[in-house]
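Once you scroll down, you'll see the structures, which are given as structure tokens.
Okay, so chain A shows up in both of these, paired with chain B first and chain C after.
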Partner chain A sequence: MTLLLQLILNGIVNAAIYSLLAVGFGLVYRSLRFFYIAFGAVYIVASYAVFALANMAGLPLLVSIILGLLIGAISGVVMDKSVYLPLEKRSASTGVLFIASLGIYILVVNLVALFFGNEVKILSMGIEPSFSIGTLVVTRMQVVQFFVGWIVVIGFWFIIRKNNLMKGIWAMGETPDLVVVLGLPYKFMRMLVFALSSVFAGIASLLTALDVGIDPHVGMHALLTGAVAVLVGGVDVYRGWIGGAVLLAVLQSIAVWQFSARWNDLITFGILIITLLFRPQGLFSPKRRREER
Partner chain B sequence: MNYILHLLIMIGIYMILSYGLNLVVGFGGLLSLCHAVFYGIGAYACTLLMMKCGLPFLPAILLTILITGICALIVGFPALRFRGDSFVIVTLGFQMIVFTVLYNWVDLTRGPYGIPGIPRPVIAGYEFTTLPEYLIIVWTFLILIAVVLFIIYKSPFGLALKALRDNEMAAEGLGKSPVHLFLYAFVISGMTASVAGGLYATYVTYIDPTSFTLDESIFLLTVLLVGGTGNRIGPFVGTVFMILLPEALRFLGMPDAVAANARQMIYGLTLILLMFFRPQGIAGKYMVR
Partner chain C sequence: MEMLLQIEGIDASYGKRQILHEISMNLSRGEKVLLIGPNGAGKTTLLKTVIGLLPPGNGAVNYLGEDITGDSVRTRVRKGISYLLQTENIVPGLTVEENLALGGYFLSKQELEKRKNMVLDSMEFLKPKLKTRAGLMSGGERQGLALSMILMRNPKVLLLDEPSAGLAPKAAKEIIERLDKIQAAFQVETVCMVEHNLKLALKWATKIILLVQGRVVLVSDSPKSFIQQPEELEKYFFEQV
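Right, the complex of A and B next:
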């Protein structure tokens, strides 16, 4: 019983990170409607920037974290400006955008690997202090992950609820052509989407990297986690992204309890395929009428 | 000399794979990210049939084709209810699931330890061990499969697939069922991949699940997209380009540690540039949607 509680606790902490990933992926997927594989590249860029600044250049950790997130955001915007926006101007299809995105992912990951090496890099040294609540044990890093993750995700939820710009970004996913007609700042909104998405990816990546370190190939897994959470919860509603992330994290914990952590991918993608088959709009989305789709 | 023979063998194996994938990606217009699944299932099925059941090579390959066909049917039936992004991510999901199973079902596949000592193919009492002999067997299979696939490309079935790709609703109106035709294409493509898997396993005589990861699927899709889809020359161009490119880098004198990443970077850059300047691939006809 203690084990189950401990695993559910870990699941809730993981859920905070998964939610960050889901929001990061969901922002782009919802508003630009293409499968943003380069999200995995942005994810590692932020952590490696912090690694370079803090461990190699010797800046204080807080400064390098802020700079790292900024570098992540800039890299996301640069990707958009250099590849997606020009492609979009040629009215490229989603397939073309997907493949270009895949190309960016491969390029960036290997560029990072070329500079920093393929092995795991540790950002923080030493053993994490841990606390015990009754019979449960949490590390300091888990506490940080929990609070930072949930505060960012829920805070962002409150910000976007009444924000007109955010409504514009939401509308961009429905009818991108109309956004320009209505005089909304299309390019600025695109930039904002990519910057925000990169910041979310960066926060998630740093929270993980400060705990267990980072290697260039973890980006794909982060991307897939975010994407599965968004698709399972429902693309169209913010609460769906969070719901999907929590569901995924808790189910993975229960899977660890019942079977073994090795079968996690099976659980993740099993849930995804079953959801898409039986409830394609996602678990938390309201059912849309046929003509709305 | 042996080096060139090895390259020719690898080109043969990858050509089988990319011609098979061409049927789904080029003719069906569906970006499938689970081709390595059938490659892997083929390799494991062929190996296990030869080593555990003691079957000779040819019956083992035939049974492998059958088994992989059934697997492709099981994967394709749910996956082909989707189009576009959803299809990509569902096939990606199956790729991850099958890899997890291959990796963790240790009783059957020996998981991460891999299976060493796979016997060489014996046909009519003659064992194919040396490289030139192996080249003959791979290219014989390639030509057989290519002939079958070329007939399929030109057949009413292939044309119907093209029609479905270009305008699914119109083609459906003409009585071409997307459910059936896409499923047949998917199963045929899986079956051809399994032959490549069997050939690969008996060629390198050692397999482990890391040869059949998502990266391999992405590589196979890249091969096809670089070469071009929807015709007969595209997969050939793509395979030759993608197999020979890293070898060219080796002659430039790059250290091995750098070369692996540099090669991948060139693949990535190629994809981006292609999407800008030639979305249909070097020799392709059909533009991905």
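Right, the complex of A and C next:
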């Protein structure tokens, strides 16, 4: 019983991080309608930037984190301006964007491995203190992950609901021409999509890296987690992205309890396949007219 | 009559395929121009070049005596030209109210509220639907919303691409008959409309332009005389007007 509770607790903490990944991936996937594999590359950029600044250059951790997130955001925007946007201007298909995205991912992972090596880099300093609640154990990092993750994700939810610019970004994914024709700042909105997506990836990445370290290949797992959460929950609703992330995290915890952690990926893809088979629009999608799809 | 919009010798292509060939036309203040032609003639393409979605290969667009060929869509919208897209002209995932707010994106809060009420006064049927997801509305309501959205920014020139597309005859009639009232209420100075429903549209128009295979083949300043050119018409339409 204690084990189950402990795992559910871990699940809730993981859900915060998964939600960040889902929002990061969902923003680009939903607004620009292509499968953003390079999300996995952006994910590692922030953590390695912080590693370089804090552990190698010796800057204070907080300063490094802010700069690291900024560098991540810039890398996302530069990627769009140098690769995706020019490709789209030439009316490239989503297939081409997919391949380009994969190319960027491979390039960045290899560059990072070249500079920093393939082994795990530790970002945190010293031993993590932990607290016990009854029989359950919580580390300080878990508390940070929980609060930072959920505050950012829920805070962003409020912004989306109120802010007209965010509504415009939401509209971009459904009717891109309309957004332009209404005179909305398409270029700026697009830049914001990539910047925000990168910041979400960066926060998730740092929350994880400060806990267990980072290696150049973890981006793929982050990408798949974010993508599956979005697809399972429903691409067209923000609460679906979060719902998908929570479902994934909790089911993974239960799987660890019943079987072993090696079953995690099976759970992830199992849920994805079941959803795509029985409810392809996602579990949390709103009612819609048939001709909309 | 004062010239508002001048289109001078426009060529436009999608990739290598040229769609528009040296199109010239004028929209003067107070004019109601009906743009007709068979499917695929290039009507939508022409309106897209005028609003700036598609850069012309040759030619120029002048607005109030100023060359706007190089302007972005956004600049043109800000200068007072609005375009109603033929398809995907509302955001299905947002509510009616949110759609209207997007239409009035650069307005201040008070201005937005004022404009919204003005628009809703002309489109009463939207009032009870403000909180409805736009995607759940009927075709007629959607076209009404789409038109409302582009009215939010106080346009001087309206470019309407088949506002009655997909509507039942009664709804089509309503929307076209509503246009004169809207034009007066919102001080729109000229409207250029693409419409396949000739019977309705000819009653509305003051000028007709017939486009065939990307060329202007006929300009007529009176709908009546236009109807009396049956060979011309029958060549392109099977409809008896």
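Keep in mind that, in the parts below, the second predicted complex is superposed on the first by the 292 of 293 C-alpha atoms of A that agree within 3 Å, B and C clash if a C-alpha of one lies under 4 Å from a C-alpha of the other, contacts with A are read in each partner's own complex, and residues count from 1 in each chain.
Quick note on the criterion: a contact is a pair of C-beta atoms (placed from the backbone, for glycine too) under 8 Å apart; a residue touches a chain by one contact, two chains touch by 3 or more.
Quick caveat, the model's predicted, so the values are computed rather than measured.
Novice: Now for A:W170: first (chain B), second (chain C), both, or neither, which partner does it touch?
Specialist: Once the two structures are laid over each other on A, A:W170 reaches chain C alone.
Novice: As a test of reading the superposition: which chain, chain B or chain C, is in touch with more residues of chain A?
Specialist: Counting residues of chain A touched by each partner, the higher count goes to B.
Novice: After the superposition on A, what does A:G155 contact: first (chain B), second (chain C), both or neither?
Specialist: neither
Novice: State whether A:L272 touches chain B only (first), chain C only (second), both chains, or neither.
Specialist: first
Novice: Have a look at where A:P86 lands relative to chain B and chain C in the superposition and call it first, second, both or neither.
Specialist: first
Novice: Contact residues on chain B for chain A in the complex?
Specialist: Touching chain A from chain B are residues 31, 78, 81-82, 84-86, 88-90, 92-94, 96-97, 99-101, 103-104, 214, 218, 225, 258, 261-262, 264-265, 267-272, 274-276, 279, 287-289.
Novice: Over in the complex, which chain A residues touch chain C? Could you list them?
Specialist: Going through chain A, the ones touching chain C are 164, 167-168, 170-171, 174-175, 177-186, 236, 286-289, 292.
Novice: Which of the residues in chain A come into contact with chain B in the complex?
Specialist: 34-35, 83, 86-87, 92-100, 102-111, 113-114, 118, 220, 224, 227-228, 231, 260, 262-263, 265-266, 268-270, 272-273, 276-277, 280
Novice: Show me the residue ranges of chain C that touch chain A in the complex, using the header's touch definition.
Specialist: Touching chain A: residues 51, 53, 73-74, 77-78, 83, 85, 88-94, 98, 101-103, 105-106, 133, 135-136, 149-150, 153 of chain C.
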